[in-house]
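As written, the chains take the letters A, B, C and D, and residue 1 is the first residue of each chain.
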Amino acid sequence: MTLSRPLTAASEDLPEAAPPLVSVRGLRIATTGGAPLVHGVDLDLDAGTTLGIVGESGSGKTLTAMAVAGLLPRGVVVTGGRIAVDGRDVTVRSPAERRGLLRDTFGVVFQNPAVSLNPRLTIGRQLREALPDADRRNRGRAWRRSLELLEHVGVGRAAQRLRAYPHELSGGLNQRVVIATAIARSPRVLVADEATTALDVSVQQQVLDLLDRLRDELRLGVVLVSHDIGVIADRAGRVVVMQGGEVVEHGGTGDVLDRPRDGYTRRLLAAVPRLDTPSPAGPPADAPVLLSGHDLVRDFPVAGGRGARLRAVDHVDITLRAGQALGVVGESGSGKSTLARILVGIDPGHHGTLTAFGEQVTGRVPARRRMLRRVQYVFQDPYAALDPRQTVAESIAEPIELAGTRDRRGRVPGRVAELLDDVQLARDLGTRLPHELSGGQRQRVVIARALALEPDVLIADEPVSALDLSVQAGILDLLTRLRAERDLTYLVISHDLAVVRGLCTDVLVLHDGVGIEQGPTDAIFTAPTADYTRRLLDAVPGRSRQRSSSVPHPATPRKDNP
Amino acid sequence: MSTLAVTPRRRAGRTGSLLAGSFLGAMLLAVVFAGVIFPEGYDAQDVTRRFAEPTWFGPLPLGTDELGRDLLARVLYGGRPALGISAVAAVLATVLGAAAALGATLGGRPWDGIIGRIADVQLAVPTILIALVVLSFSGSGTIPLIGVLTVGSWVLTFRILRAQLAAVVALPYIEAARLAGAQGPTLLRRHVLPAAAPLAVVALTLNFSTALVLESSLGYLGLGIAPPRPDWGQIVASGQAQLAGAWWISIVPGAFLVATVVSIQIVGDRIADLLTLPGSQDGTR
Amino acid sequence: AVTSGTTAGSEQDSSLVIGISRKLTSIDPAEGGSIDGDATLARAIYSGLTYYDPELQLRGELAESWTQDDDTHWTFVLREGVTWSDGSPFTAEQVVRNFERFLDPESTLGNAAAIRAIISGVTAPDDGTVVIETNGPFIDLPDRLAHFFLVNPDFLQAHPDELVALGTGPYVLESVDLENGAVLTRNPSYFGEAPEWERVEYRVLETEAARVQAAQAEEIDVAIQYEPASLELFADSDVYATGNQWSSWNNTLRINENVAPLDDARVRQALNYAIDKQALIRDVVGADVEPLAGQVLSDPYDRVNPDLEAYPYDPERARQLLAEAGHADGITIELGLSTGSYVAQDPVSQAIARQLGEVGITVEITNQSFPNWVERTRSADDAPALYYIGYTSGYRAPAERLRIYTSGNGQSHYSPPDAVYDDLVTRVTAATTPEQQQDLVNQATAHYREQAHAVFLWPQPLTYVVRKDLEWTPRPEHWLVPQEFRSRS
Amino acid sequence: MTAVLSPTGPPGPPAGAPPSPARPARPRWPLSARYVLSRLLNAVLAVWAVLTIVFFAMHMTGNPASLLLPIDASEEEIARLTAALGFADPLPEQYLRFLGQVLTGQFPASIRHGGDPVALVLERLPATLLLGTWGMIIGASLGLAAGAVATFGRNRRLRRVPISVLTALEAVPSFFLGIVLIAVFSIALSVLPLRGAGTPAHLVLPAVVIGLALAAPVARVFRTSLQESTGAEHVRLAEAKGIGRAQVVLRHIVVNALAPVLNVLGVQAGVVLGGAVVTEAVFGWPGVGQLATSAIDSRDFPVVLACVALIAFGFVLVNLLVDLAAAILDPRGGRR
């Protein structure tokens, strides 16, 4: 651990004498089997400040944060170092001591609000459980306190919500409830591990605002763990960058992000897609229309509701011209995937007309078949899109084999090798099964398979959302390259506006199934006409640090950008 | 209706499953070659040696019954109907259940509804009761027994595979295969069946052991293979009166039965373990 | 006796637990049922006009005396002062109505046909006498009535379809569960000698295992129908004595002559020659019984033909007969068994199969549940070639015993029907003197032996386990009558 | 706002809070009427189908009349009684007549017992319910205990022992288990009665046999679902609240793990009812199973039909109750 430096020197705003609220020195974590996971981490946290921890997946962010709170999972233990609260060593905790700390000092917010709450108990019961003993024991007081807490975290109609079950609330509300349980005993440290990653951008923003407000009001020390550098940039005063179980860089957020000293940090920052990259140029306006949908509507029956229907796609018009790269953006549930499924012709229940290559497809099976040859689809989840029993080569070969012509079949192995080359996968990967691949590799396999029949159009549903930043950058590069080399026309779905900005010539914004606006990417990103688009852009994390610098700030528009 | 949880019975250890497998194998061989080991058949009576105690390693290792018949011969010959009928029934039930599951999954709503209803009805009446009704009226031949055991076991297979297939068919990779051009039989052969096959194998072993237990229960109740042909459940019943004296007549075939059922389960669990794809996402075992 | 746990005390409140080997089928004695099941219970609750004492002497029960007025009329003088167990008087008019239940042509009672075949009318000239008119001469009528229990017709009418009973016997039905047994208590107003046991419990022990284990757990006082092999389990018992003796139940293998080549008398004779009955009795049955003497009657219970002898064991002769019939290279036939119905039936059948096998007759044994088996034995085209069967009766009447084997019987499958035998049996029925009857019985049995319509085996053994401290004379008919048990103190 | 959040500060009612802190009881019926109705319809359908199948299975193969007569009855007599009881009519006609009777609530009278077969079955029902309930109680407690030990046991080697023992016992067919238990406890040790009913002692062996058939699946499912819920995220949050271990285990792990166990019990209700047929035969227990067996033996068609109908209906009912209980345990259940 070479980069460990005394951190106190960096904590500018604090009187030197007072010990930091939480101080960690040389923290080592290993499995009970002895495999080291975290090798000596130092960090300090002061009341009323937010400490961000960033780093790629598996770098030890969660373990570090949980070790501080005393909530390491089974099978993992602290093997060295010192954790102190108010200068008092709490590294070794008896169960009672641990519970005491959890009751009085730490509040914890986990990543996924959907599973953080016990589905079997009402919100009220779970909140009451979190209250200090005095409040908990008295029914009336517990009730009043719970109401206050919910209101404090901005949950409206609190009395009604207390009687609801978690599944009856939205993700954002559930996460607020979790935060309420975390602050119920007035903790002094709040540990939030990817507390907003599972949430929509707009909801994410609200929750992070809430954390900021609580930090200021209650003088909490907040440990904010996130792989989203934008989030950290917006919210944290200080940041720790981790890699492979070590802290590679730390300091004030501005310093670290603006002037990264460490190579890794630099690479990490470079991989962040930027909202200010210029978008590629689109084809001329008279380029032929390859795919178009007119007045597309898709309803789903609502489970349990008698005859009630949910309109996932609501009278959407869409056109895709040759050479375009069209990005479809919108919040979760706005109908992006459904629209894509309609366009590739695998959604049977839609209304409206779908035209492909000048031929009307809707309701015509042969036309649909012809279209299927030329339009390929990359599924949202690369984990599930591959048959777990087929090797990579088999998966890629399958469409070629099924497509028929004998002459093609003879050349299958060579073609598979070519495709592997195209997506930059080693050829010997062909014999592996999907579970032997990493997420990025799988995503490449899925893309290779979609390219197997040399389609004219590729529709990719969230091609990078499941991937790590660095891997994500690789896939985006690949897509750009393929477009250039093969003249592919794209339709890319993403909820990440920065991804779309860098990749797409045009954008379609969806909201609740309705097409809000469609146009050239740069135009829409710089001058959105619809209110909704503007709000969507505003909610993107990282916009708070609008400084011109060599370091990317995702939301900063470039001046030289037309 | 609640779905059946198919949880592995035990973590089948290597040695345990090896032992169970060897026991099954040895016993199957002995049962198949009972005619070679005991050319005089299962019915050689000798009243001079009635109720001979087991010598375990000498002649008459398992002793004799009330007619002085060699119990080992009877147990081995008795394994023929017990294992044979159960095995055939298990295969039939698995095939039937799998076909029903496929039909329900791929046939669309009406088929799903009809087959599901039939399964519900079937589940609502204990198999043993159906068996009693049918066998007491049809007489207990091999064919009715196989029929009854098949009818009694297919639902389990159906439910396991139905759930599995429903999950598999909903998986993106099936849709992806469809987009890649796979349709109908090709899709079935390439993606759906391979995903269901491991579970079908597990269901087969499960059916085998349930069928064996049911078959011997019917034998015990006097509705199985009729004497003088021996059958495990029937031998157990025939020796029950002599438990206090010649306990071995009941206990030995019973123990064989239990050992067989346990072995089948252990081997089945092991197969299940081996067929489980590490890291598979579709819940396939 | 097992003392009842609930009423343990200084009182001499004793009870008797009897194991019966069949489920009860009904509580109405008119519905038939077997002697070792329903009839045993009926014998304790009801009385008949006549009965056999343990020495098998026919005595009056509800009838004080009787006389034969002419060939077809009998007068029975009723015992006086008899009441039903509820205290109401027993009358001659009720006796008449008892018979009328059976004589009604619409009657669905199981035994109705048998009674109608004999009796044509019953009247009560006065309160103390009943006159019975028979269809033709029937000198065995008083014997026949020993298995005819009198119910209270008014009570029956008042309680249709209910499991209750009102009789004049020594016991009153307290509760009954057809599958599991019944509890009786002493009838305080019984006209005869009060029985020793205050309470009697009948327990249904349908399987051999249940019977053996009940005795091993010492839960019963007496039970019958044990496999001979099981009796050995109690050889050294301090508690139980065992027995294995002759009974009135005659076992044969009946033959379906519609199955070729059993229509050939020589083949049927060969079957009789090929079976070593003595050896089987010695090795498997183990009872003190003699093989049936070439007839379906057995001494000492029945009036037998003293001139006939059993077919000797002569495998050579059997082979020769088979060869004569053109089956030198053997035949294959089925032997149908009903599961668990007859003591020692399975080992006996398997031994028979071996012995027949030695003369070239391959036997395939099949086993069916009693209902299915009965059904099959009654169907002419589907009946097994041979089936193991025993008939018993609760009274002595040679005509009735022989009639079972006439062509009209549901289980007879002769090819062609044996008119000679049928005619002889009709004449036995109508015989007017014992001598005449004996002569006709001799002719009928001799003819039947010659035709070998059945394979004659032996009287079914009566096997039992009974507490050593009980005194009891086993009944060859298989009755288990509680009033006949006495403690040995 | 800070003051409001202080744990010691007097809790002032914030704006918008309901004036009364008293929680109104919320009557939330966890199953929709439609669901219950469709399940009941299913039950009726099941009962009808079962009745039809059994009706034809029985009537095509046998004739009860011949069993009502003495074994030496003559041919004409058999034919006469068959006609008198209506068994000579064409089968469809008999079936329609039977359906008519069932629909008007009146099963045809029992051939052997005479009376209403439904009443007969209901008379036997308490015995079967008693046995089944105790069997379920024994099976569930053994299974839950073994599942819990397997999950929470301290000793990694020993904690799987109970579940393994139960799994081994599950492989023992109930008739054989019954025989062995009788041999040991009734004959060799003479501590428990052999067969029959009446005292609690009579109940022990048959209930144990039924319970042991049930315990292993319960244990397995409980163990799996315990492990699932132990690893669940909400347990971590509960732990993070700093509440006692016992509370976490009980409220957040154990109770959450019970729903699948209930489902198993529901499915196993069929096993219990089916097992009752064998167990009641082995132990001479006077329940519905025994009645059904003996009715089959004696071709008492109406009683067989009544037994089968009742068992089928009972099974569906038990599963409906299980669904209800599971819905209460897991409010998310898709059964609304």
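Just a few scattered comments:
In this section, contacts are C-beta pairs under 8 Å (C-beta built on N, C-alpha and C of every residue); 3 or more make two chains touch, one makes a residue touch a chain.
Remember, it's a predicted structure, so these values are computed and weren't measured experimentally.
Here A-D and B-C are compared, and the pair linked by more C-beta contacts is A-D. Among the remaining chains, A is positioned farthest from chain B, on the basis of C-alpha centroids.
In terms of their C-alpha centroids, the spacing between chain A and chain D amounts to 47 Å. Here the CA centre of chain B is 44 Å from the CA centre of chain C. Averaged Cα coordinates give chain A a centre that lies 89 Å from the centre of chain C.
In this assembly, the C-alpha centroid of chain B lies 23 Å from the C-alpha centroid of chain D.
Residues of chain B found to touch two or more other chains are 136-137, 237, 240, 243-244.
Annotation for chain C: residues 213, 216, 369, 371-372 touch two or more other chains. None of the residues of chain A touches two or more other chains. Every pair of chains that touch is listed here: A-B, A-D, B-C, B-D, C-D. On the chain D side of its complex with chain A, the touching residues are 1-2, 4-7, 11, 13-14, 16-18, 21-23, 26, 32, 232-234, 236-245, 247, 251-252, 255-256, 329-332, 334, 336. The residues of chain D lying in touch with chain C in their complex are 62-63, 66-78, 80-81, 84-85, 109, 112-115, 182, 186-187, 190, 193-196, 284, 286, 290-291, 294, 297-299.
Taken in their complex, chain B has these residues touching chain C: 43, 45, 47, 50-51, 66-67, 136-137, 139-140, 222-223, 226-228, 237, 240-245.
Within the complex formed with chain A, the residues of chain B that make contact are 171-173, 175-182, 186, 190-191, 194-195, 277-282, 284. Against chain B, the residues of chain A that register as touching in their complex are 344, 346, 372, 376-377, 379-381, 383-389, 398-399, 402-403, 433, 435-436, 446, 449, 452.
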